[in-house]
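In the two assemblies presented below, chain A is common to both, partnered first by chain B and then by chain C.
Moving on to the complex of A and B:
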């Protein structure tokens, strides 16, 4: 049986303070985003106590407020959360709080809180209005960019650094220059690209059609040309990731964060928790049952590690990583595809390639190799 | 011929946009940034045409701030620097046009090993400079890990990799685990 010391250490604690989101993005993977319930402070305190008594905290970790729009709750909720966190943290390790937000609700009170508590911020925005407002819409279907830009402007005005995640759809691939100019114009210094994935209730992707891969490579190559030449530089997460994985290969027995049990702990507003890919929280499978493995109010880590659902899940994910290692030349630079993507696309964790692998890992890595080879050749 | 015509139409459209937005509000951007926007816009149109990409729909060439930026840059004489910057972009294009991107079935491990030999050499140094460019908001940013929330390389690309104690420890990306498959949605 797996013991608590064999899992973790915790790197990322994802807490869902509410499943609700004020937006209704067309590609969202959250199944319950109309639910306005919120986590109580009592559940939050139980969560913190569970985490710090679990044995998972063996290094600093990040507390990410996510999986719903965190800012639909008032800043005072997070102020109280922070006050609860501090006495619960008996580990002595630093906990960095982070928000992933659509930025539409940012105001002076939020900025003051974010600055005072040194909370890190990521903004989700998909570029100019003709790209962003196509998918990132209000519940009435209206565009959101104007409000996002207002929020970003407030963050800048308060000297709060933030980075941006952009979801690429098929349409986006025609506009590398427009996206680049958008980031420069709005003082974005670092951007991360995600691809429109097949996850949860979002069962199709505009990127799953034929002919997408060459277009994606063309887009990303062009974008990287611009990013590498920009002044000041625009950092691109995927390029940095590739660069670093070239220098520091995956150790053969190391699984990726999403593939390692309890490197990520996901806790929903009711205290139910899961591990592996955060997108799995709140979902069930006929074969696996609920991906929520327990609840912070009643289940210990040891008890969860012994339940058949976890054992089966861990075994399946492990076999999937082994298959990646045996069949994929990119494995030393990746460490295994996200289990969530495998499950949602292939119906099984013990599988290999997904859309996310082809575009987000392989294509971006190929382009990074090209650029680095070219840089090396001319310098 | 069609592509050239398309490019010129795009450029003309942008100048029309600029004229429409004469006398709009005060620019909020540096000259360098405005210059980049102007030339980026021009270059984008030509690039898209040359690659057979769709041109943006009318009104979607740039958003409103871009239009103001374009106006101010034109008014500020940014066109005098066109040659320089277009040359810079052309050089990059020559280094890595999309057509040059190699297919995924080439031996990526061999290519990576060759690149890695000698610590990526000048390319690595160049990239290190890129990563540590002053004033970008990381390295010396207000947060202990620099600009990106997930601490970039603080947690290293792989748990037991060498990055934890070296290299680009202060890298910008929040989700430092991303390199080894960390959750990508934050």
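Moving on to the complex of A and C:
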């Protein structure tokens, strides 16, 4: 049986203080985003106590407020959360708080709180209006870019740095130059590209059609040419990640954060928790049951590690990683595909390649390698 | 043969055709009525490969164009050929590749100037103000950073700019046959 000392250490604590989102993006994987229930401060305190007494905290970690839209709760909720976090943190390790937000609700009170508490911010925006407003829409179907830009301007006016996450769809692949212009125009200095994935209730992706992979590579290659030539260079998470993998060749037995039990802990508004890919929380499978493995009010880490649902899940994910290691030449630079993607696309964790692997890992890695070789050739 | 217009596939141009196209009315010009517009424009890009294709040049490329001109003016080292090559690469990525052996030319048109358009494959407006391209009974307002790939055999005239202004265009001309 797996013991508490064999899992973790915790690297990422994802707390969903509400499933509600004020937007209704067409590619969203959250099944419950109309639900306006909120996490109580009592549940939040239990969550913190659970985390710090679990034995998982053996190094600094990030607390990510995510999913629905965290800013639908007032800044005062997070102020109280921060005040509760401090006495609960008996570990002495630093906890970096981070928000992933659509930025439409940013106001002065938010900015003041974010600055005072040195919170990291990631803004979700998909580029110019003809790209962003195609998928990132209000509950009435209206475009959202104008409000996102207002929020981004406010963050900048308060000297709050932020990263941007853009979800790429099939349409985006025709517009690398326009995306680049958008980031430069709006003073974005760091961008991460996610791909439209098949996850949860989002059962199709515009990127799963034939001919997408070469288009994706062309898009990414052209975008990287622009990003690397800009002054200062526009940072791209996928390129940095590939560069780091190439520079610091990972150990072949290294499992990624998403593949290691309790390196990520996902907690919903009711205190239910899961591990591995955050997208799994709130979902069930006929074979696995609920991916929520326990509740912070009832279950200890030791008790969860012993339940058959966790044992089966961990075994499948471990076998999936082993299969990646045996069959994929990118494994030394990847560490195993995301379990959530494997499950949603292949129906089983003990599988290998997914759309995310092909585009988000392999294609971006190959392009990064090409660019680094070109850079080396001219040096 | 009459000019038909569409936004080139894989490009996004903001604004409507009603704001871009002008039809002759008496001695002046006016926006086309809906039925005229329907006969002048294609709603499905690419349905007529020979049509006049509107496209746009990204802001970073427009900035580079002006940086190149400023460098040429200041140091004499602006590299127009390199810029033209990069522009061709951009258009090729967008699946609107300039013809083989085409040649790029910088055009500065004064109020009394005339632009030779017989062999023009595309014109791109790099200036700050719109440029008017004119065909019989029809005009196209080409906004800043917009370009138009022409229909072979239907070259437009370029309306000279108003007094004290210049049209700044890049022409991609068909190469020798």
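To be clear about the criterion, the second predicted complex is superposed on the first by the 379 of 379 C-alpha atoms of A that agree within 3 Å, B and C clash if a C-alpha of one lies under 4 Å from a C-alpha of the other, contacts with A are read in each partner's own complex, and residues count from 1 in each chain.
The rule we apply is simple: a contact is a pair of C-beta atoms (placed from the backbone, for glycine too) under 8 Å apart; a residue touches a chain by one contact, two chains touch by 3 or more.
Everything numeric here is computed off the predicted structure, so don't read it as measured data.
Visitor: Under the stated touch criterion, name the partner, chain B or chain C, that contacts more residues in chain A.
Guide: The partner with more contacted residues on chain A is B.
Visitor: Is A:363 touching the first partner chain B, the second partner chain C, both, or neither of them?
Guide: The first partner, chain B, only.
Visitor: A:180 contacts which: chain B (first), chain C (second), both, neither?
Guide: After superposition on chain A, A:180 lies in contact with both partners, chain B and chain C.
Visitor: Can A:375 be said to touch chain B (first), chain C (second), both, or neither?
Guide: The first partner, chain B, only.
Visitor: Taking the stated contact definition, name every residue in chain A that is touched by chain B in one complex and by chain C in the other, in rising order.
Guide: 128, 130, 174-178, 180-181, 184-185, 218, 222, 226, 230
Visitor: Can you list the chain A residues touching chain B in their complex?
Guide: These residues of chain A touch chain B: 11-12, 14, 62, 64, 66, 96, 98, 100, 118, 120-122, 128-130, 145, 159, 161, 163, 165, 174-178, 180-182, 184-186, 189-190, 192, 194, 213, 217-218, 221-222, 224-226, 228-233, 235, 237, 240-241, 243-251, 254-259, 263-264, 277-279, 329-330, 332-338, 358, 360, 362-363, 365-367, 369-376, 378-379.
Visitor: Could you list, by residue number, the parts of chain C that touch chain A in their complex?
Guide: Touch list, chain C to chain A: 10, 12, 14, 58-61, 90, 93-94.
Visitor: Which residues of chain B touch chain A in their complex?
Guide: 29, 32-33, 36-37, 40-41, 43-44, 47-48, 51, 53-54, 56-57, 60-63, 65-66, 69, 88-89, 92-93, 95-98, 100-104, 106-109, 111-112, 115-116, 119-127, 130-131, 133, 135-138, 141-145, 147-153, 155-163, 167-168, 171-175, 177-186
Visitor: Give every residue of chain A touching chain C within the complex, in rising order.
Guide: Chain A reaches chain C through residues 128, 130, 174-178, 180-181, 184-185, 218, 222, 226, 230.
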